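Okay, here's the structure, questions in a sec.
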Amino acid sequence: MTDSREIELDGHIIDSGIMEHVLDSILDMGGDFEILEFSVGKRKTDTSYARVLITGTDNGNLDAIISTLHRHGARLVDTEDVTLVPAEGNRIVPKGFYSTTNYPTQIRIGNEWIHVENIEMDCLIVVSPDKKSAKATPMSKLQKGDLVVIGEHGVKIKPPERSRSHEEFEFMGGVISSERPTETTIRKIAREIIDTHKKGLKVALVGGPAIIHTGADEACASMFREGYIDILFAGNALATHDIEYNLFGTSLGMNIRSGELVSAGHKNHLYAISEIMRAGSIRKAVETGILGSGIMYECIKRNVPYVLAGSIRDDGPLPDVITDAMVAQDEMRRYVPEIGMVLMIATMLHSIAVGNCLPSYVMTVCVDINPSTLTKLMDRGTSQAIGVVSDAGAFFPMLLDQLHQIQKK
Amino acid sequence: MTDSREIELDGHIIDSGIMEHVLDSILDMGGDFEILEFSVGKRKTDTSYARVLITGTDNGNLDAIISTLHRHGARLVDTEDVTLVPAEGNRIVPKGFYSTTNYPTQIRIGNEWIHVENIEMDCLIVVSPDKKSAKATPMSKLQKGDLVVIGEHGVKIKPPERSRSHEEFEFMGGVISSERPTETTIRKIAREIIDTHKKGLKVALVGGPAIIHTGADEACASMFREGYIDILFAGNALATHDIEYNLFGTSLGMNIRSGELVSAGHKNHLYAISEIMRAGSIRKAVETGILGSGIMYECIKRNVPYVLAGSIRDDGPLPDVITDAMVAQDEMRRYVPEIGMVLMIATMLHSIAVGNCLPSYVMTVCVDINPSTLTKLMDRGTSQAIGVVSDAGAFFPMLLDQLHQIQKK
Amino acid sequence: MTDSREIELDGHIIDSGIMEHVLDSILDMGGDFEILEFSVGKRKTDTSYARVLITGTDNGNLDAIISTLHRHGARLVDTEDVTLVPAEGNRIVPKGFYSTTNYPTQIRIGNEWIHVENIEMDCLIVVSPDKKSAKATPMSKLQKGDLVVIGEHGVKIKPPERSRSHEEFEFMGGVISSERPTETTIRKIAREIIDTHKKGLKVALVGGPAIIHTGADEACASMFREGYIDILFAGNALATHDIEYNLFGTSLGMNIRSGELVSAGHKNHLYAISEIMRAGSIRKAVETGILGSGIMYECIKRNVPYVLAGSIRDDGPLPDVITDAMVAQDEMRRYVPEIGMVLMIATMLHSIAVGNCLPSYVMTVCVDINPSTLTKLMDRGTSQAIGVVSDAGAFFPMLLDQLHQIQKK
Amino acid sequence: MTDSREIELDGHIIDSGIMEHVLDSILDMGGDFEILEFSVGKRKTDTSYARVLITGTDNGNLDAIISTLHRHGARLVDTEDVTLVPAEGNRIVPKGFYSTTNYPTQIRIGNEWIHVENIEMDCLIVVSPDKKSAKATPMSKLQKGDLVVIGEHGVKIKPPERSRSHEEFEFMGGVISSERPTETTIRKIAREIIDTHKKGLKVALVGGPAIIHTGADEACASMFREGYIDILFAGNALATHDIEYNLFGTSLGMNIRSGELVSAGHKNHLYAISEIMRAGSIRKAVETGILGSGIMYECIKRNVPYVLAGSIRDDGPLPDVITDAMVAQDEMRRYVPEIGMVLMIATMLHSIAVGNCLPSYVMTVCVDINPSTLTKLMDRGTSQAIGVVSDAGAFFPMLLDQLHQIQKK
């Protein structure tokens, strides 16, 4: 063992499991530790503090350990300013760049701690030329000459601590198994929607076309009309199916009321797109009275912003669809700062995409009939997500009903 | 090519796909055919008739082809009486025994066609000593000396033909994908329950404990109280969870209303069993007022017969549980003849077990959150089952609501 | 009942189930039929012929029935030329347009039957101005003034017939359940790859990043190096993970050999992209020796064409990625005509996208650990696909081994 | 707040997360705490010690909190002897009985700590009449008059602590996602098998019939022949399919080598059972040369004990099958004490049943193509299980290969 360094941790580090993760990581990586100072918060509102000396098997190992501990909220005792290096070219990351988490982050520059704006996972931190502000920047936006933060020193993150109060709906990730009581879970989600609005934050829906297939178009449209959802992230499919259903009563040619395939109904999908093409946009189709109900109609009527991102399996697509994936990502990012809660329903692609752009403190509920969608979302870093194994066709009517019941009280 | 034989087919053999399966099977097995006679039913109510000469690559191959065609409803033109052989010992099947399908079956004996009673898949046909009656007999019941039908000659089966009328809910198997409209599917199931009762037949529930975990205990109990379900097939888990829920408000220690784990709640499971042990049986617990609500309570109150079959993962079990698998199978078989419809909810083991005992003309609806349960059930021979990918906690309240809506009209 | 029309059908219409589907559809839709003529193919190589009079409940119903029968291969007896209508604007489909299947299709024009090129499902048929050729055209490419085929008359399709010979690997869709013998299935896939090449056709891989996560990068790269795969359709993730693995030994920061997370390994993903950004393209990275192994390396070395289509969840992306979904679709379509077989491994998005562009006669094998991916692919119209429930990490090494074993013989 | 009590904890309570769980549980349940003493283990081999004063909202709440903390390894500072109450009747549990975990457990009696034998989850602790020994006793074995431990005082458990060394294959539960490298995972499992034998412990297989369907019969039989597996827990299906395959080359009538259904092959299942019936038992069938290969053959040849537990979906069953579920459970329990590792392959029912009987320190690996089997197993309390999403047909040949590779070195 050659070298060693001191790190410090504070906050509710025992009951949030942070201290455990720190010590585990050191042992997992082959390092050793000595706890130099440990003052435990005696009561539930007191915070604890630890100072730990870390030893690695060699300097490389020590760096690796420090880097891992950083992601658990540890910081070096001897904090200096961050190191900055200009990017050598557009979209070329400098060696040793600091890769963001989705936790609240600060950097030290000119001996002051400044807040990193627009935090989002797997980005770089770019500092403004005057060194007064810093911003999480995805690789695709990195410009030659941008000042990029290198390494972990001078960077401080705040991993989520468990709440001090005995809350109804624990804000913590994990799949709610298909064996839990459905109505109870949905009532909690309904309360969170109402609470998010009380805090002045917005609720976004990330939705897939199964919302329409499974017969939940009307319940979902009501959620927009009644102001429960404020932003829509979706693809060409959700919008087209919604418009098809509201123009022709079918979704991919199936009559949603009777469950039967309508003859020549498979063309309705293209007719729906065509009607919007002729009008010029969804907004114009609503304004000229062509489209008079449904999810997209309610979005237009209530000026709910929507981002329809294209994908390679799209038919059409609708004129409102952004076919370039990078442009669509940027458009989604515009709305992230105002969001307090996201409902992700029956779409893996869009859920992961939106999840990637969200800070860790945004309440994220993901509903899918397939448990593996939920697992993948969390594996991809949206670890704060609460997964519910359920069916959109049952979920939306039950959620709307619970919202109405709560509002009546 | 050496030998050849003539078979004949009649009925709606084109539009039920029977003719297709016959010709396909011959080609698949390396045989050849010549259609000797074919009279097509010109109108939708007319039946067709075909006489086909089959050639095999050798006599063994020809026998194999004839055996396969038999299962599609073909019969040899030169029909003789069935061959009978006495079983050499208990539970020892004779070589070449006829293995039943779950289709209506007749055998020819003394130049008369007699109906095979208690038809069930993968059984033997045992003829009474006076040769006046025949019965499908599972291997476990075969006694030394029983007269067993050998080979396919003299046996005639009637595979399901598609109905001639334009029905609401097609009686044909297949998984209803999670992308179909949930409410529409459930409304059709509700109508079938009502129609089954109108025909004077019974509706059975095969249920797993997820009915209680997911919060559907009350809706399910109402189904029994209001007479929508007439027979219950389940295991120790469903009954214990139901009793635990109705005695203590928990299921495996979780409070179903709040979704929270109750402290020491994991013991409630054993307490529930213990209360019934002390009373002596579920019936006595109801009669002495210990158990006053729930699925099992309603079964006792309405004299709904129930079979609780034990399994190796049981705790307890309850005194009403039949721990011997073979005894439990027999008990289930007692009720099969009166059943017109089966709802299988969230239990693979019991669904396959009941499915094995059902004739093909019993309407079978299987609901599970996991599509692979549905696939396995059909793979195991219950090909008439209609699979619905849904969640018990959402399914029962929606089904009860649909039943009430239909009854109101 | 008001009006009626005659249709005719020929081919192996009984044993391919076509006659069954035709009669079923008429009954399902409330119509009636009279079989006017029926000549059955007496032997296995003979084709059958049927002429059927269809009656609908009214003219609309009759049209609907005829339209459905058309998709089963029926044609009106009184065939006229197709009707053509010019498109009123870009991407606006004319009312009543003919929507293509993915079956081989001909249209009648100037009393001649001409073949429709580039057949693909859910397209329009656009006839050249000189009326000598016709092409399946996706909605996104429809130009104002294009001559579009309206209705089904004058259009003839050829649904797949089952093969006359006793084949090893039945060319027909359906999920091969997880309960079938793994090695046997893989050996059949290996044979199909070799047979496809013998026919002078190409084998394409549609692959997801799980190929690398599950440790199959080397086996998959060998498939390209040894010439078993000729075209690659994938996204940013597969290429980036492959490059990350080959540069750093990790995939999303996990060491594939040891299964452990490498410290700071999460950055390797962005470093990999950055290395390619600096080089300018994957080709340049190979040429300058930066990238010396792996799937993308073998593609460059063997001049295997690849299409990397962007999606909204991409990091980076690599400079080779086509971020506009519509441009990527076109690029994929360029390669479709030469493809005889497609392997779709562990990616739902790209599989459905490629499936949408494939004619029905392209052998399509889809491998995924999740049976619902397979079901969705088939629901979306790629009904010829053979689904295998397996794991990429086990599948590729076993497939390569089977290919080597066959080649050795 | 009314009453309060002191608990103490020691061991690696920080880095095993025990301290975190204790404080979390107090807050979750609405209680409060004061840490009276906390001495942290400064180095990795040092243990920590905490003494905590717990306050509840009332006495009931305090009891509930103490009861929950007990399950995390806490004990009351003022330890007294356990309270004992005689059971009022067979299978009737006394109020307030202590319900076991699957962790190593001690009870205090006559001022001494004695070890509880045969520990298994959800049992009662029954003390011998002489109070010298204690045994975990399932409810089904509780006899009138048995001395049952009541409440948590005087009971001490030892929850698993993470290992101090940097191990290859972390002994901790959790599903290994389908996105992890397959070969790497399997190599680790192979090493554990070898290590378990080195420790003088046995390896048990809990197997389902998919082992045979998916073509792994031979690889699995080799595992027994070469001594890698020492005990077999299965049902009628695995044994019957194995015997059918080894007598007739089929499994449920499908030829495993070619993947094709064999004509009349569905009868082979019953013939296989019948052959064993005639011989009298599997052992006699092996001894008389009727059965000459396969899993059951190897078990007989090597005197590997097997327990075949019946279920209600069984055909036959084989004469070796124990049809009474309670008798089968007992038989399984006989072998548990010698087991160091369990492989659970493709069977949910038997896996949960065996899992229920295992102490927490038995290495448990569960392999299933369906991730929900793995989740359910852990939900049912076998939280130490390591889940691998894979296919038996690919798993066994790869595992055998890895075992051979390791042995060669």
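Going by the order they are written in, the chains are A, B, C and D; count residues from 1 in each one.
To be clear about the criterion, a residue touches a chain if its C-beta (ideal position, glycine included) is under 8 Å from a C-beta of that chain, and two chains touch if they have at least 3 such contacts.
Nothing here was measured: the structure is a model prediction, and the numbers come from that model.
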*Farthest chain from chain B, comparing Cα centres?*
A
*Could you tell me which pair, A-D or B-D, is linked by more C-beta pairs in contact?*
B-D
*Mind checking the centre-to-centre distance between chain B and chain D? Centres are C-alpha means, answer in whole Å.*
33
*At what distance in angstrom does the C-alpha mean of chain B lie from that of chain A?*
45
*Express in whole angstrom the distance between the two chain centres, defined as the mean CA positions of chain A and chain D.*
37
*Check each residue of chain A and list the ones that touch at least two other chains.*
29, 178-179, 370, 372
_Touching residues on chain D, where the partner in the complex is chain B_ = 29, 64-65, 67-68, 88-93, 95, 97, 99, 122, 138-140, 263-264, 266-267, 269-271, 273-274, 277-278, 309-317, 323-329, 332, 348-350, 352-353, 356, 370, 372, 380
*Could you pull out which chain C residues touch chain B in their complex?*
14-17, 19-20, 23-24, 26-30, 32-35, 38, 40-44, 162, 164, 166, 175, 177-179, 371-372, 375-376, 379
*Report the residues of chain A in contact with chain B in the complex, numbered from low to high.*
178-185, 188, 210, 213-216, 254, 256-259, 369-370, 389-391, 393-395, 397-398
